[in-house]
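There are structures below to look over.
What follows is subunit A paired twice: with subunit B in the first complex and subunit C in the second.
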Partner chain A sequence: MMQTLQFLDILIWGLWVLLFPGIFFITFLALLWEWIDRKVYARLQNRIGPLHTGWQGILQPLMDFLKLLGKEDLTPKRADKRSFSAVPVIMLVLSITLCMFIPIVDMDPSLPGIQGILSFEGDLILLLFLSSMLVAVIMLAGYFSSNPFGQVGSARTGMLLISFEIPLIAAIVTPAILTGSLRISTIMEGLKTLNIPYALLLILPLVIFLISIQAELERIPFDVSHAETEIVHGWQVEFSGKKLALIHMAEDIMLVFAAGITTSLFLGGPYLLEFIPLDVFSVTFATLMQTSWIGWVYYTLVFMFKSIIVVMILSNMRTAFARWRIDQIVHYGWKFMVPLALVNLLLVQLAIVYIFPILGVIV
Partner chain B sequence: MSTGNRKTVTPPRVTIPIGPQHPALKEPGMFKLTIEGERIVDAEVNIGYNHRGIEKLAESKTHLQVLYLAERICGICSATHNGNYAQAVEMAAEVEIPERAKFIRTLTWELERIHSHILWLGVAFHEVGFDTAFMYSWRDREIVMDMLEDLSGNRVNYSMNTIGGVRRNVSEELRSSLLTRLDKLEERMIYYRDVAIQEKTFWNRVDGVGVLETSVARATGAVGPTARGSNVPVDVRFNDPTQAYVHLRDSGEFEMILSERCDVAGRAIVRVVETIESIKMCRWLLQNLPDGPIRERVRPRVQPNEVLARYEAPRGEVVHYLVTNGTDKPERWKVRAPTHANWVSMRHTLIGNYLADAPIILAAIDPCFSCTDRVTIVDTDDNLIESVPLDIMRVRANKWYRQNGGKF
Partner chain C sequence: MGFLQKLINKARVKSPYVFHFNSGSCNGCDIEILAALMPRLDLERFGVKLVGSPRHADIMLITGPVTEQIRPRLQRIYEQMAEPKFVVAVGSCACSGGVFRGGYNVLGGVDQAIPVTAYIPGCPPKPTAITFGAYKLLEVLSKAFGVAEKKEKEEVPFDITAAQSEGVAET
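Here is the complex of A and B:
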């Protein structure tokens, strides 16, 4: 009896990891976000964007992925072959792992609130570590390919990393300070009950975070590391076929992660109607969603809705600017973003410790 | 530790090839950049991948046929070569073409300048990663493309000119329709001028980049917007006008656009402001279009003569040197495209800049490779194609001239 229960448990967990909030769902979101990103980007540029595959070209990212999988896969002679082939796989694995931390639906009913597939005290730190590691893998990818363009691209990725990792971390830490936890699901629960003055403190870090995550994702204006007109896609230049398909997929999944983590840490996670201060919504509706299967659909839809807003903001940023030069990025990063992030931390501390108690605002 | 023992660490030198095939280049060309970190320390410009032997081919064709061949030298400035060749033959035949033909020819040229400059602006936006402005400017370029189509029947390779005049007339409806569309175009161009100047991310990428000092620009013989962006007042339209440019200059309403900035931003501003000036010129030409015939008949056989026809193409001064020999075919025809004059200063502008700025610096002279490349050796006797270095070719040329007594 015990044996079968354990077996069933493992089966259900496997299904979760593989299917719903896990790999399949994340991949689905990745392709959908890419379509939204491309479509919004195109419409803002007065173009049509993907149109022919599926409704309004919604299947175009999938078709691109499948077609790339079938293309010839070349490895340069001078490349370090084993490491070169490992890069796309590691990138994909890391990005999927990152997405496992995003709380979408209630994975552990014994705990209050919503958890990701992976959730433990201090997972925020692991998350930051993994996202930095992803950038490190990108840097190595360029050097493994032994291509001058790749090497220049790698060097630029490194410079981008040292400039924007600090503001990113400083911004992400703010919600943790406000709620007193390093666990994403707890932070999210804490944000739900936050007073309005406290919630206002999240606006500045949100802006910093969105700018830094754009740099982390290497999108315009921070796409120096694969600027096509300068260094022909930089570190990606030697990757082709399956490897490139996996890299593109990993990048799309990183977009899901970026939008998801913004939703979870700054926009209140997959709660929407619960914020309406009426008993019907904040108590009855919330309990219903927490206890029944409708919650799974509702939370997923709200999560997607909020993520789409973030993706659209990121696409807008991509449209509005020209590409910065790497020295301008480093300059801007260290002279503006890093001080701003530190000032923000200072401000939050001052507000929590001195200003809010004087004003009589409590958590 | 004493200062004598201090080691200076310099990043390793990497040679990065830009070209012959590269996304930043719309046509094949080769630029070997030696970089230290992100700084360009040396640059080597190597062109000649796009040779088609047009000048040699022209010697076996009649003047009228060469007109259509000349237009194929370049896809963007096709009216330039077409019109300038027609002008050269008319000079050699010593005929004066009707006033209306002159105005229509100039109008085609100016419309072409507008389309070429907007195209350049879009490319420049694209090179610095500002794809939105690239898409927008190319969308509005369609206005002038449609105008050219209504005027000449073609979007590119207008075939507007013939020896002795132009081939199509401008009707009254077309005139008014062109005038309304010019207003729209002017409004859009003023908007792009403001975008180029006020959008900080774009401006930071061109401000102080690729500096070409006035003295260097003069010494290396830069032409066109490249020279005018470095405050060198060279513009054939004002210095040595032909066709209706004489009237344009005499009207006193137009002036040469110059910039004292000497960098890529200067070249960009010169081009954008020049486009607005061009739109005004087009309007003036349409409003003052004289009546009369559009074509003068010219005998197909042109008397022996040697002429140099100059015209300010969108990229700079284009020179057609034509020798006629009394038959209906040219004896020798030499085209000096503006890009050829602008290559000389390229190395100077590249050195010391960032690698990231190389594409925009290359694009800033608006290079046109197929205009420029016109030297290769094809031995028709045994179908041998060989590429010959310049110095060996010079030796051979000297030998050949010694043997043949300096005759062409």
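Here is the complex of A and C:
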């Protein structure tokens, strides 16, 4: 492998990582998703949302980012300076790394199906580890800023983490159990050929996952950790200028990751017409898309379409609910979400091992 | 002026983050500011976003007369904001001290403590007035940054008798 890796291959690989399914594309998606999120949020509140920046305000997130880049960069006197400036960069790097695992187009033609830029057996575990680490970095961000509000925000982020990480993992494990793999691309391929009774088992974990990912993203029903009216943005309170721009970008990229991983693990990945049970679609069309360059455009568009649906569901949740108190979050997290996730795991095991074989349903 | 600098100046005009500070107001102006952010006159159209921390903000909206007690805190909050920063005084009290002007504990308007860019008078100013003030401020800023849109908008004179004959003014 290493001998055959020519200069051109390295160049093309670099372009992939930098441009198309890589950093540039992810950043583009992040800005677009934030615009959709803000616009849907505003429309559901009977407002208009951003309007005068580009077409329907589509450049608003970009303008916010550029404006924050151009602002003065303040560091509090009592903050741990080196760690304080390292935190936004680490957050951005971690969130971009997370997005590299999302399968959008076929990166490795020697394997069947669609892979992300990074793809290996067991990458689901690394993914969960990295997303937990991101929350740990957020907690450090509050403590490094040495602001009482920031430290309260950090403590609340920790509360949120211990309450909603377990349901998140339990929900994400269900597709892995159904398809018998810990590799995201293999899970996606397995979901494509799953029987309908087995696919129905994915509904409950999908609901649990969407609620937990909303908590992981710290959006409105779970935004105690940066409650603007009480603890002025929590752990973000001391960040300004470039650091705040990077933090906002990292949060947007986390939204891309959340929507993308929901698409990949629960909604069947970038396949849409292939699910129609006709030979024209499931064989001819699928082969055409897998073998020609049209597939790159098609898979990207379908991925974006499904992600937008997930983003709109998350924005609906943001509008429909008010902020929970921290004790309510921990209460419902431990007394409702965790048992529900465990019952769901039990149900899936029972269905696979006992119920479906008796009924005569095969994978 | 380089291309990047111009782009950032444009972005500064297009996305003002607003921070709200009450220096002793009666809450009338505060409610009107919130009304300007609410559905009828959605200030988010211009990219205005209400943030909680002075570190994140570009524009500080101040309501109420500046009392002797609030002055050091107001100056400290102003110093905590990151450059470039602008201050808007909302309401008669913030502009000049209002009915409290000359009181033993009142310093006067906000401009007695910190530099102010724009004044929005009224007791309280209507949400439309606040929106108009915000728009004017952005217009002035875009001229100051040299990113004003080239095409001047045509001024349409409003003829009240013609409007009444068409039945617009009644509705």
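A few comments on the model shown:
The definition used in the following text is that the second predicted complex is superposed on the first by the 358 of 363 C-alpha atoms of A that agree within 3 Å, B and C clash if a C-alpha of one lies under 4 Å from a C-alpha of the other, contacts with A are read in each partner's own complex, and residues count from 1 in each chain.
Here is the rule we use: a residue touches a chain if its C-beta (ideal position, glycine included) is under 8 Å from a C-beta of that chain, and two chains touch if they have at least 3 such contacts.
Here the structure is a predicted model, which means the values were calculated and not measured.
In the overlay built on the shared chain, the residue A:229 is in contact with subunit B and with subunit C. Shared-chain residue A:46: touches subunit B and subunit C both. More subunit A residues lie in contact with C than with the other chain of the pair subunit B and subunit C. Once chain A of one complex is fitted onto chain A of the other, the partner contacts of A:238 are limited to subunit C, with no touch recorded for subunit B.
In the superposition on chain A, A:85 makes contact with neither subunit B nor subunit C. After overlaying the two complexes on the shared chain, residue contacts for A:152 are found with subunit B alone; subunit C is out of touch.
By the touch criterion defined above, A:300 lies against neither subunit B nor subunit C after alignment on the C-alpha atoms of chain A. In the superposition on chain A, A:75 makes contact with neither subunit B nor subunit C. The residues of subunit A shared by its contacts with subunit B and with subunit C are 45-47, 228-229, 232. Contact residues on subunit C toward subunit A in their complex (touch as defined above): 7-12, 14-15, 38-39, 42, 44-47, 49-53, 55-56, 58, 80, 82-84. Within the complex formed with subunit C, the residues of subunit A that make contact are 38, 42, 45-53, 57, 59-60, 62-67, 69-74, 228-229, 232-233, 236-241, 244.
Remark: subunit B residues 14-17, 22-24, 35, 37-38, 125-133, 135-136, 139, 199, 201-202, 204-205, 354-359 touch subunit A in the complex. Across the complex, subunit B is touched by residues 44-47, 148-149, 151-152, 155, 220-221, 223-224, 227-232, 319-328 of subunit A.
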